[in-house]
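Two complexes, one shared chain (chain A), two partners (chain B, chain C).
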Partner chain A sequence: MHTLKLALKVLRRRKFFTFVSLFAVTFTLLVLLVATAVLDSAFAPRAPEDRPQRTLVVTNAQAKGQHATRTGWAGYKLLVRTIPNLPGVERSALFATPRKLTTYHEGRKLTCQSRRVDGEFWRVFRFAFLEGGPFVPEDETQANPVAVINASTRDRFFGGGPAVGKTFELDGRRLRVVGVVRDVSSLRMLTYSDVWVPISLTRSDGYKNELVGDFGAAVLLSPGARPKDVAAEFARRVGAMPIDDPLFDTLKAPMDTPFGTVVSTFLDQTASGQGALAMTYIWLAALMFMGLPALNLVNLNLSRILERSSEIGVRKSFGATSAALARQFLMENVLLAAVGGLLAAVLTAVVLAGLNRSGLIPYAELSLNLRVLGWGLVLTLVFGVLSGVLPAWRMSRLHPVGALQGRFE
Partner chain B sequence: MIRLEQVSKVYRTDRIETTALDGISVDVERGAFVSVMGPSGCGKSTLLNVMGLLDAPSGGTVSLDGKPIRGYRDREVAALRNAKVGFVFQSFHLISDLTVADNVEIPLLYRKMAGGERRRRVAAALERVGLTSRRDHFPTQLSGGQQQRVAIARAIVGEPRLLLADEPTGNLDSQMGEEIMTVLHELNRQGTTIVMVTHDARLAEGTHRTIRLFDGRQVQ
Partner chain C sequence: MIRHLLKLAWHRKRANVLLLIEIAASFLVVFAVGAFVTYFGGNWRRPLGYDWRDVWAITITDERSGSGPEEGEAALAGRLVDELRQVPGVLAAAGVDSPPYVGWTNISNYDVKDRTIVFMSSGATVGADRVLGLKLLAGRWFSREDDATPWQAVVIDREMANDMFGTVQCVGKSIPRDKGGQEGGTLEQRVVGVIEDYRKDGELAPPDNFVFQYVSPEARSGPSRTYCLVVRVPPGAPVALEEAVVGRLRALAPQWSFDVNTLDQLRTQRFWSICTPILILGIVAGFLLLMVTLGLIGVLWQNVARRTRELGLRRAMGATRLGICRQILGELVLVTAMALLVGTVLVVQLPFFDAFDGVPRPTIVSGVLLAIVTILAIALAAGLYPSWLTTRIHPAEALHHD
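Moving on, here comes the complex of A and B:
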C-alpha cells in the first residue's frame, strides 16, 4: 500500500514529468481504444451478425484468363450454382451490395442505400424488428414490391410513426413496407443498409449471368459442421464450374469468416484464412503504436536515474532491497499508465460520442463497452509494464555507494 | 558492536587497481563515539561504507554484533542495515519530493510495521531533533542545519544501535555544526554507538577515540 502512496507522491511532485508521460500514455491509449471500439463495432457478435462463429461468407471473386482479369464481389450466377445444398450448412442467404438511390417523397428529395436480399437473408442474419417482419421467399420468387426499412428511414419517410403497410417510391417503384428494423451500423459490411428489397425486384435480369458482380452469400453452419470442410467443398464446386466466357479460364471465390472476408478485401481478395493474418497485423500495429511512446517513456525514466540516484542510494542505505526498489519504480509506471488509461477511457467515450453524432460513420454505434474496456485494461497494463520494467530493473541494480555519489557502473 | 579484521578494499578497473583500505582492523565497542580522520582520499568514507555494509570488503572480515557477514546477499545485508545501522551523510541526501515526515519515515517502510506505529516513531524522532513543527515542509524549505537534523531523525527513527556519520557538519557553518554535534553527543549519551568521519580535529577531540588513516592504512 505504501508503494502506491509513494508513487502517488512522486508523480504529484514531478509535475512536468507526469504531464509529459501522461500525455503520451493517454494519447496512445485513446487512439488504440477508439480503434478497438471501431473493430468491436464492425466485427463483434451483435445483431444482426450475432453468430459469426457459425457463419461463413463469400463476397470476393476473381475470374482470370490469359489477357483479362476481373475481380470484385461474386456474381449471382456463381453463387446460385455453388451455394445451395452445401453439406454442413443449415441455411444460406444471398445479398447484393447496397446501392445509393435518390427518390422524392412528398416533395422532399431523399437519398438512401438500398440492398437486394433474398428471403433467407432474414434467417441467417437476425435483425431486431421494431415493427412488422421480414419479407419471405415467395416475395422473392414473385418479385413482390415489398421492403424492410430501418428506423431512421422510417423517421425520414413517415415522420417516426408506424410504417408497416405504408408505401413509398424508390427507383421508380412503389414499395410497401413490411417491416422496420433497428439501424445497422455502416461498419457491418454484410448487412448494413437503409432499405432491403427482394433480389428479383430489378428491371434487368443481367445479374443472373454474372460470375463476378455485386453479390455475396452467407451460410449458417449446422451445429458440429467444420468450417474448413464447408469452405473446401465450396472451393471444389467453384473450381468445377463451367466458365462460358471465353475471356476467362479460371475462377476463384474464397469462403471465409465474416472478419476474414472483410480483411481479405484489403489484403488478398482471392485467398481465404486471412482473418488470423489480419489479427496478427492488428496486434503488431498496436504493439508498434504502443512501442514508440513506451520507448520514449523508457528513455525518460532511464534519464531520470541520474536525477533519482541519491534517492536510490538513500533507500538502499536504509534497508530497501533491489526487489523492493524495482517494485516501487514499476508501481510508479503502472500507476502512471493506469491514470493515463482512465483519462483515455473518459476521452474515448467523448470521442466515440462525437463520432456517433457526426454521421461520419452512418448509424455508428461506437461504444466503450465492457469488451472495449477490457482490452483497454490489457493495453494499459502492457503499456505500464513495457515502459517500466527496464528502467525499474536498471534503477534497482545501482550500487548504493555509487548511487549516493551519482556514479553509475 | 562492529569489528573489522584485516579488512581491505581494492577498486579495479580495466587498467588501474586502487587500494582504498589495506589491512584495517578496528573494534568499535557498544556505546562508543569514534571519529575517523585523515587526508582526503585516504579511505575514510570507504571504511564507513564497509562498516555500514554498503560495500563488501575485498578481503578480511566484518562482524556486526559478533556475527561475521558472509556472502553479502542483497536481501540479508539490506535487512541488517535496516535493523542495526543508521547513516548521516555530508550532503544530507534528503529526497526533495517527500516532506520532512516522509523522509524520516523511509527506514520504517522496509519493516513490517503498522502505519500508526510508523507515525508515532516519526513524531518521536522529529521531536528528538527539535523539528516537530517542520514535519510537513519539504527539504528545500529548510536551512542546511535543519536538513541535517532531518537526516539525523531519519537515521535514528529505526532505533539502530550504530550510527555512521560521514562528515555530518562538512556542509554547515560553525554554529549549525555545533548544533548537529550537540544532537550526536546526546544520542551517544543515550546509548547509540557512533562512528563519525571528520576533517575537524576539534570535533574529533570531543569523541572517545580517533582512528587515523593514511593511504588506506591505519596509522593510529
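Moving on, here comes the complex of A and C:
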C-alpha cells in the first residue's frame, strides 16, 4: 500500500512522462485487445459452436499422385465413407462450404451465402432458433426444398415478420422456410451462412464421387472418448480408402480441433495438431508487437535515472534495500500499465462497436467479454513487466554515494 | 567533430544501444508500410489495359463440384454467348475465362530455349476485346477465320511480347517453345495480336505476362470452355435487365449456377481487400511512430537536463548557443544514422528469403529511402525542443546547478 502511494505521487509529479507512458501502454493494449476480441469471436465456445472441446473437424483434404496434386476441402465421397460409425463419436455431421447465390425480388437483387448441410448438422452444432426448427434427415434423403435462414435474411426477404412456412426464390429454386436462426458471425468458418439447405438439394449429384471437393465434417465425441483415438481411427480409414482416380495414389485428410482445422488453412493444410503451432505464432507476434512500445518505455525510464538519483541515494542511505527499490519502480510501471489497461478496455469497446457497425466483417459480434478482459489483464501484466524490469533493476543497483553525487554509470 | 561525437556516444553506449534498437525497429515499421505504399502506388499509375465501366462478369458454376463447367460443354457455353447477344439492352457479349478482378487465374509456363517463361492465360472468344475495351497495339483480335487454321491463335499482352520476343511487333510469329512444353499440347500457337498490358488483378497488381487463347464455339482445340461470360451494358442498366439475362441463361443451362457481378463491384471489393489490411497497418504504424517520437522527446529532454553542467561549462568556455544546439542534434543524428544503417543492412537481406521473392528491388529501394527520410525527420522533430532548451542554459546558472 505504501509503495502504491509512493508510485502515485511520482507519476503525478512528472506529467509529460506519465502522459507518454500512458499513451504507449494504452495504444499497445488497445491493438492487442482488439485482436484478442476477434480471435475470441472466431473460436471461443459460443452458439452454434458451443462445444469445441468435444468437437473434431475435417475440412482439408489432399489427393496426391506423381504428376498431380489436388488440395482443397474434403470431397463428399471421402467423408461419407469414413465418418459414419466412428467409435467414440456420439454424432457426426457433413456440411459444404457456403456459396454465393442470387435472386431477384420485387425489382431488387438479393444475394446470400447458401450452405448445404445434412440433418445431423443441427444436432452437432446448436443454433439459436428464433422461430421454427431445423430440417431433419428425411428432408435430406428426399431432397425437400426446405431452408433454415438467419434473421437478416428474414428481414430482407419477408420484411421482418414471421417467415416459417413461407417460401422464397433462390437461384431459380423455390424454398420453404422451416426455421429462422440468429445471425452467425462470418468469422465462424464452420457454420456461418445466410441460408442453410439440405445437401441433396442440388441440380446434379456429381459431388457424390469426389474425394477432394467442398465438404467438411464435424463429429461430436462421446463423453470420455479420447480425441487422439478418434482421429487415429479416422486416419486409418482414410488411408484404406480405394482411390479410383488414376492421377492420384495417396490421400490425406487431417482430423483436428475446430481451431486447429481453421488455422491449418494458413499453415499446413495436410497436417493435424496445427493449433499449438498457431498459438506459438500468435504469442510471438504479440510479443514482437509489444517490443517496440516496451523498448520506448525502457529508454524513457532509463533516461530518468539521473532525475531520481538523489531520491534513490537518500533512500538507500537510510537503509532501503535494492529489492525494496526495485519493487517500488516495478510498482510504478504496473500501476501505469493498469491505468493504461483500463483506458485501453474502454477504447477497445468503442473500436469494437465501430467494427461491428462498419460491416467489415458480416454479422460481426465482437464484444469485450470476461474472457477477453482476462486476456487483457494477462497482456497488461506481461507488458508492464517487459517495460519495467530493466529500468527497475538498473535503478535499484545505483550506488548510494555515487547517486547522491549525481554519478550513475 | 564527428570523432568527438562518436566518443561522446561511446561513453554512454548502454543507453545508446537501446535507443539504437528502438530507432532501428521504427525504421523497419516505416519500411514495411513504405514498401507497400510505393509498390501499390507505382502499380496504380500504369495503364490498366481494359475498361471496367458498364461491364458485367457472369461466373458459371457447375453445381456438381462448385467449380467451372466440365470439359466438353463448350458448345453450350458458346450458345449462351449467342443467346446473350439476343437480349435487348445487351450491347456486346463474349466468353472469357479470367475477366478482370475475378479471383482465379490459370498459371502455366513455356520452356523457351534455356529459360522458362511463366504466364497467366485465359481462353477468350470472338468479341471479348470489344466487351472489355482491350487496346490493340498490333495485329488483330480473334475472329472466325481462326477456326480454319492449323495452328491455335493467341493474343498476348505487351509484357509477354517484350519478354518473349523483345518487341511488340511480333504478329505472325509462333511461340518458340521446346517440345514438351507444358501448356497447350503439341499444337503450334501463333500470335495474331498484341494488346496493352492486361492487368487482370486490377490497378494494384503489377503488369504480368498474359496470353489469351482462342476458344472457338466448336471447341476444336486448346481451352475448350469458358468459365465466365462478359457483357457490356448501357450505363445505369436496371436490375430488370440482369434478371432477364439470368432467366435466359438458366432456361438454356439449368445445371449451371450464374453469378452476375458488375466489374465496378468486383473492382471495389478487390481494392478494399488489399487496402484494408494496409490501412490498418498504416494506422497502427502511425501511432507507433507518434509514440516513438514522444518517447524520444522525453529521452532527449532528460539528456539535456542531465548534462546541464557539462553544457554550461562549454558555454562558459566560449561555445556558442548554435554550437551547443548543433552538438545535441549531431549526437542524435549520429545514433539515428547508425540505427538506419543497422535497419538497412537487415532489409537488404530480404531478397535472399523466399517469402519475399515477389518484392521487386525498386520497391525495396524506395521503401528504404522513404523510411530513412521519415525516421530522420522524426528524430530531428523530436530533437528540436530539447536542443532549443540548451540555448536557454545560462553558463553561470548551469555551473551553479545542484
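Definition applied: the second predicted complex is superposed on the first by the 405 of 409 C-alpha atoms of A that agree within 3 Å, B and C clash if a C-alpha of one lies under 4 Å from a C-alpha of the other, contacts with A are read in each partner's own complex, and residues count from 1 in each chain.
Please note the rule applied: a contact is a pair of C-beta atoms (placed from the backbone, for glycine too) under 8 Å apart; a residue touches a chain by one contact, two chains touch by 3 or more.
What you see is a predicted model; the values in this text were computed from it and never measured.
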item: Residue contacts with chain A in the superposition, chain B compared against chain C; value: C
item: Touched partner set for A:K316, first chain B, second chain C, both or neither; value: first
item: Contacts of A:D50 with chain B and chain C, given as first, second, both or neither; value: neither
item: First (chain B), second (chain C), both or neither touched by A:V10; value: first
item: Contacts of A:A324 with chain B and chain C, given as first, second, both or neither; value: first
item: First, second, both or neither for A:D155, with chain B first and chain C second; value: neither
item: Touching partner for A:E233 - first (chain B), second (chain C), both, neither; value: neither
item: Chain A positions touched by chain B in one structure and by chain C in the second; value: none
item: Chain B contact footprint on chain A (complex, rising order); value: 2, 6, 9-10, 13-14, 310-311, 313-324, 399-401, 404
item: Chain B residues touching chain A - in the complex, by the definition given at the top; value: 49, 52, 54-55, 74-75, 78-79, 81-83, 86-87, 89, 93-98, 102, 106-107, 109-111, 115, 154, 158
item: Residue numbers on chain A that touch chain C, as the complex places them; value: 16-17, 19-20, 23-24, 27, 31, 96-97, 99-102, 104, 107-109, 171-172, 202-207, 210, 213-214, 291-293, 295-300, 302-304, 306-307, 360, 406, 409
item: Of all residues in chain C, those that touch chain A in their complex; value: 12, 14-15, 18-19, 21-22, 25-26, 29, 61-66, 239-240, 242-243, 246, 250, 254-255, 257-260, 276, 284, 287-288, 290-292, 294-295, 297-299, 301-303, 305-306, 402
